[in-house]
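First, the structure itself, so that you have it in front of you.
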Amino acid sequence: MSQKINIGVIGAGRIGKIHAENIAYFIPQANLKAIADVNLSPAIEAWAKELGVQTVTKDPKVLLDDKDIQAIIICSSTDTHADFVVKAAAAGKHVFCEKPVDTTVAKVNAALAAVKKANVKLQVGFNRRFDHNFKRVRELVESGAVGSPQIIKITSRDPAPPPVSYVAISGGIFLDMMIHDFDMARFQAGSDVVEVYAQGAVLVDPGIGKAGDVDTAIVTLKFANGALGVIDNSRKAVYGYDQRVEVFGSLGSAAAENDAPSTVKLSSEAGVVGEKPMYFFLERYKEAFIAEMRAFVLAVSENKPVPVSGDDGLQDLLVALAAKKSLAEGRPVKLSEIPRE
Amino acid sequence: MSQKINIGVIGAGRIGKIHAENIAYFIPQANLKAIADVNLSPAIEAWAKELGVQTVTKDPKVLLDDKDIQAIIICSSTDTHADFVVKAAAAGKHVFCEKPVDTTVAKVNAALAAVKKANVKLQVGFNRRFDHNFKRVRELVESGAVGSPQIIKITSRDPAPPPVSYVAISGGIFLDMMIHDFDMARFQAGSDVVEVYAQGAVLVDPGIGKAGDVDTAIVTLKFANGALGVIDNSRKAVYGYDQRVEVFGSLGSAAAENDAPSTVKLSSEAGVVGEKPMYFFLERYKEAFIAEMRAFVLAVSENKPVPVSGDDGLQDLLVALAAKKSLAEGRPVKLSEIPRE
Amino acid sequence: MSQKINIGVIGAGRIGKIHAENIAYFIPQANLKAIADVNLSPAIEAWAKELGVQTVTKDPKVLLDDKDIQAIIICSSTDTHADFVVKAAAAGKHVFCEKPVDTTVAKVNAALAAVKKANVKLQVGFNRRFDHNFKRVRELVESGAVGSPQIIKITSRDPAPPPVSYVAISGGIFLDMMIHDFDMARFQAGSDVVEVYAQGAVLVDPGIGKAGDVDTAIVTLKFANGALGVIDNSRKAVYGYDQRVEVFGSLGSAAAENDAPSTVKLSSEAGVVGEKPMYFFLERYKEAFIAEMRAFVLAVSENKPVPVSGDDGLQDLLVALAAKKSLAEGRPVKLSEIPRE
Amino acid sequence: MSQKINIGVIGAGRIGKIHAENIAYFIPQANLKAIADVNLSPAIEAWAKELGVQTVTKDPKVLLDDKDIQAIIICSSTDTHADFVVKAAAAGKHVFCEKPVDTTVAKVNAALAAVKKANVKLQVGFNRRFDHNFKRVRELVESGAVGSPQIIKITSRDPAPPPVSYVAISGGIFLDMMIHDFDMARFQAGSDVVEVYAQGAVLVDPGIGKAGDVDTAIVTLKFANGALGVIDNSRKAVYGYDQRVEVFGSLGSAAAENDAPSTVKLSSEAGVVGEKPMYFFLERYKEAFIAEMRAFVLAVSENKPVPVSGDDGLQDLLVALAAKKSLAEGRPVKLSEIPRE
């Protein structure tokens, strides 16, 4: 590869920092040229300097106007994602956008239309597809080793709930948390979801209930290919981040267990004790974040399809909206019931 | 214990033979006195003789009339269970009845009324409660180690489907197969089910679909104590009998994996290969069948409550009927919708 | 099988009781006809009566003289084993003898000569060969799945040391405890041992050291077929009975882990906790004791070779004596150095 | 930290490249200033340029003379290690030296004396101490969770033997391969070795035997603190790199299993198949190589003791030489027999 891809990152919060550092340290095919953050601080400037970033600014427009930048990584607040996709596409830049693209179908549609019109790439940040365990499950499914998928089971539990203030603006458990699992379910099933039934309860924090959300949920899925699926979410697993996936099919089952910091077991009078799972997504998906960014950079530099498309983002949103409707109305909801415009 | 309980077994099919042998070989507190089977054959007679059974007959009435028999084990065909419970109770005998007591609420009610009137004991054959793994999960839950239960997850898959002819008369997957899991879910949750939603599909054998049943199902549950539950069933797991239970709560999770014939792992160029789960219920629940019968005999001999009551049988039936209705109507069904008379 | 084998048991201590009960309850091809114990007590008589034993006596001669008894199980104290083997053989009876046959080569030779002369069968009580895990390892080795064996590794640790008074008369750790592992090593290697080097230490109980023994030992082995082996023993593993075997070869490795009471794992803030291994040999080898007795009865009733021969007992003794000599002299000892007469 | 440590790497072979890349990419506290390789090639120059190295030379003297370089990483061929340690120390530079420092005691002594005289730091490249699994075992041992160590067990098998030509100049299995395990054993025992007994065999490749070495070995150890140890090595485990450690003590056991590329298990008719261990040291110890270099850099920059000292390197060498002597002479060898000069 002769030429490095110049990249600009919009939003230097937690996830923006991760992507920026991954590009700077682990992806030799890319050059982290610019960072924009509306809340630019001396700390961010110092951090960006350490990374060797050329342009550090409050104004995202600077990045969009920079002719040398080929790709934009959007890590700003969710409500600004779709607008930045539209603007970046209009500026002829490829886009990596954190999930979700938006919480409304209309704005996602607009973003996808802009991308299509500009003929640029759009990859959505469903990082779990790049996890070594879940990728291996998918490889086994694709290889035919489990036969035709019949049941997709996902366990996905966070170690601790977010602040109630965050929950209130998050769009709710389905749009904020389980949307990752909807994407994983579609990824593993190799098929889109056609119907959803959602159960939910407030078992972790009454404040979450007061904010109009649930903190514990079980959602069942029907896929276009006939397979069934089930996802369970909890906002609080005291033993750590619980991230497991199983695909059961006509020839067998492929199941991914949690990762732990070590394989060590302590046998004592108290029992045989192993380590808890990796604490949370930063630990568990550390390598996956690098891999998704590498995949995006290679898709751009080699002009190949991105591995997680804008349509994936749209489909996952539709499932989440159907789950929300299902919980509200206490009945299974077909995806065809969710307006596409 | 001074005196052995004399026991009569009605029905010498597969499960009747298991119970008879367990009583004869493993339960010194009981004496297997009589066996009745409407299809009595020389083979059954020879087998009974080997067990040292005193009375072998075609006529169950002989057992019911035998004043020395204190307890009857009902292993006849399902449609005769409730009638035998009524008759045995009327004869003043304690009753162990294979599951389900009946597939209709009315006949179960009649059986329970007869038992109550006669003041005899009735234990229903939900053997899985006695499995070493699931019992251990329950112990941990009861000890408070997982805190308050929030999610009950059960995986329950058979190694191979029964003949379609059997499926046609079985009452369907919920009454025939998943009823075990409904009982397990209630056992682990320590609470009754209040609402059910059932998804089903025909993914294993089209013949099962033609017989009006499904072979793959996912059912979500709401419990009276607020916990949620999910059960998945398949009639065919090519790798063997898949029987797992997990209880997730506010302080952690207790999860039972499958049993295998050995712990041996073979590491070779092909990977690290462990054994498949025990093939089917005869292997997996061998000890559990002994334990449930021992519990019944001790409940009788020491006049203590049976560990699985007639009301458990009724509750499990109600859940199964609600699941059947849910699948038929494509909506969640409250248990209060199922007529109790 | 037309006729049951009549069996007499000499010695009704712990292991004698196990064998007697296993014959009575689990081996329909045998009839437990007689029990002799020099310390006959009312408790033993009551227990024997419960088992339906016809003859209960202080005098082993009664059993040896009983023409209807075809086989004798020797469970008396170790110093009497060889004499009873000689007498039983002289009486034309097949013999199952608890390990070791004797702690001296001369008496084992005499016992083997008597058995050979009388043309009766002699099986030695190395029960671990019948353990489901270790048998599975051996099956994999015999199938060729691990290729030619190169390293045999055995971990064998007791949960708690025996009383020092027992240690003093036990013959020491190699003859009392590790002899089981020597037999397992030979079984898995499919080859005899030619050289031994023993390391030992007193790390558990100084009283064991005062009694002239060690409580912790590592022994390396060379086999006739070129393979190497290593065994480690401790008299005290606080987490329970640690019994693992690994055979490593040119095509891979077969490794058996411990058995536990259940597969349940508790995930909490404290970690992921599984159960300790089965507590001790009564629990771990419960099924193996039945299987070894069944194998003996079938060898007699079907006139087939016994699975653990008198020569196995002799070879294991030679290895143990070589280990003892090695520890005493601080050097590797060839088995050819141990006098065979 | 205000100032980066400038580092020069001598030797750009496989391990030199790893250290150089780790410094360049993962250790912000260090600056990779110079690389010397006697076989400098355009490929090495291009690679060094990509890493941003300022000085690339054939002549190690350039690095030693560079006043701005504070630390030297020695990755040249083993026979040059000690000389470079002496020269680097004389130049006032801290030293990280790949293992072994030398294969003779005399030259190691000289190196250690030079380091002492110059009052610089010397860290030896025993990377496995930094492995997440083995470090965790050590933490548990140090925490007292396993009580006083009694048995240290190490399994260490390579996936494939090196070329016979390499074996011939490697110093043999004990100096080349098992020296890592000797270091691990001492690390875990927290004590030095006082006696060694080595068994060896040629079971993998007759060519290795012709070269005067063995390819399969079991070594038992006695530690100064009374603990016993055992290590088994094979040059060829077809299932991959087998690296396990267990410390057994008075209060329990801490055991590290292998790492695998994923946690995924495929259950099918063929069994339950997990992944093989990571293929070899580059995969397994990827993070450990970074961690050891980070530890070295921090020891220098913060002027703290190095975690693996020159004396560790000497002690490990003594154990290896004792093992070599033991195998040659067929007897246990005390470390006091190995000349210290």
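A, B, C and D label the chains in the order they appear, each numbered from 1.
We take it that contacts are C-beta pairs under 8 Å (C-beta built on N, C-alpha and C of every residue); 3 or more make two chains touch, one makes a residue touch a chain.
A quick note: this is a predicted structure, and the numbers were derived from the prediction, not measured.
Counting steps between touching chains, the shortest path from subunit B to subunit D takes 1.
Across A-C and A-B, it is A-B that has more C-beta pairs touching. Centre-to-centre separation of subunit A and subunit D, using mean CA positions: 40 Å.
Here the spacing of subunit A and subunit B, counted between their Cα centres, is 42 Å.
With centres set at the average Cα position, the gap from subunit A to subunit C is 58 Å. Of all residues in subunit A, those touching 2 or more other chains are 237-239, 242, 251-253, 267-269, 275, listed in ascending order.
Looking at the complex, you find that subunit D touches subunit C at residues 147-148, 150-151, 153, 155, 157, 197, 199, 201, 203-204, 216-218, 220, 222, 226-230, 232, 234, 236-239, 242, 248, 250-253, 330-332.
Those residues of subunit A that touch subunit D in the shared complex are 25-26, 28, 50, 132-133, 135-137, 140, 145-146, 251-259, 261-269, 275. Across the interface of their complex, subunit A is touched by residues 237-239, 242, 260, 267-277 of subunit C.
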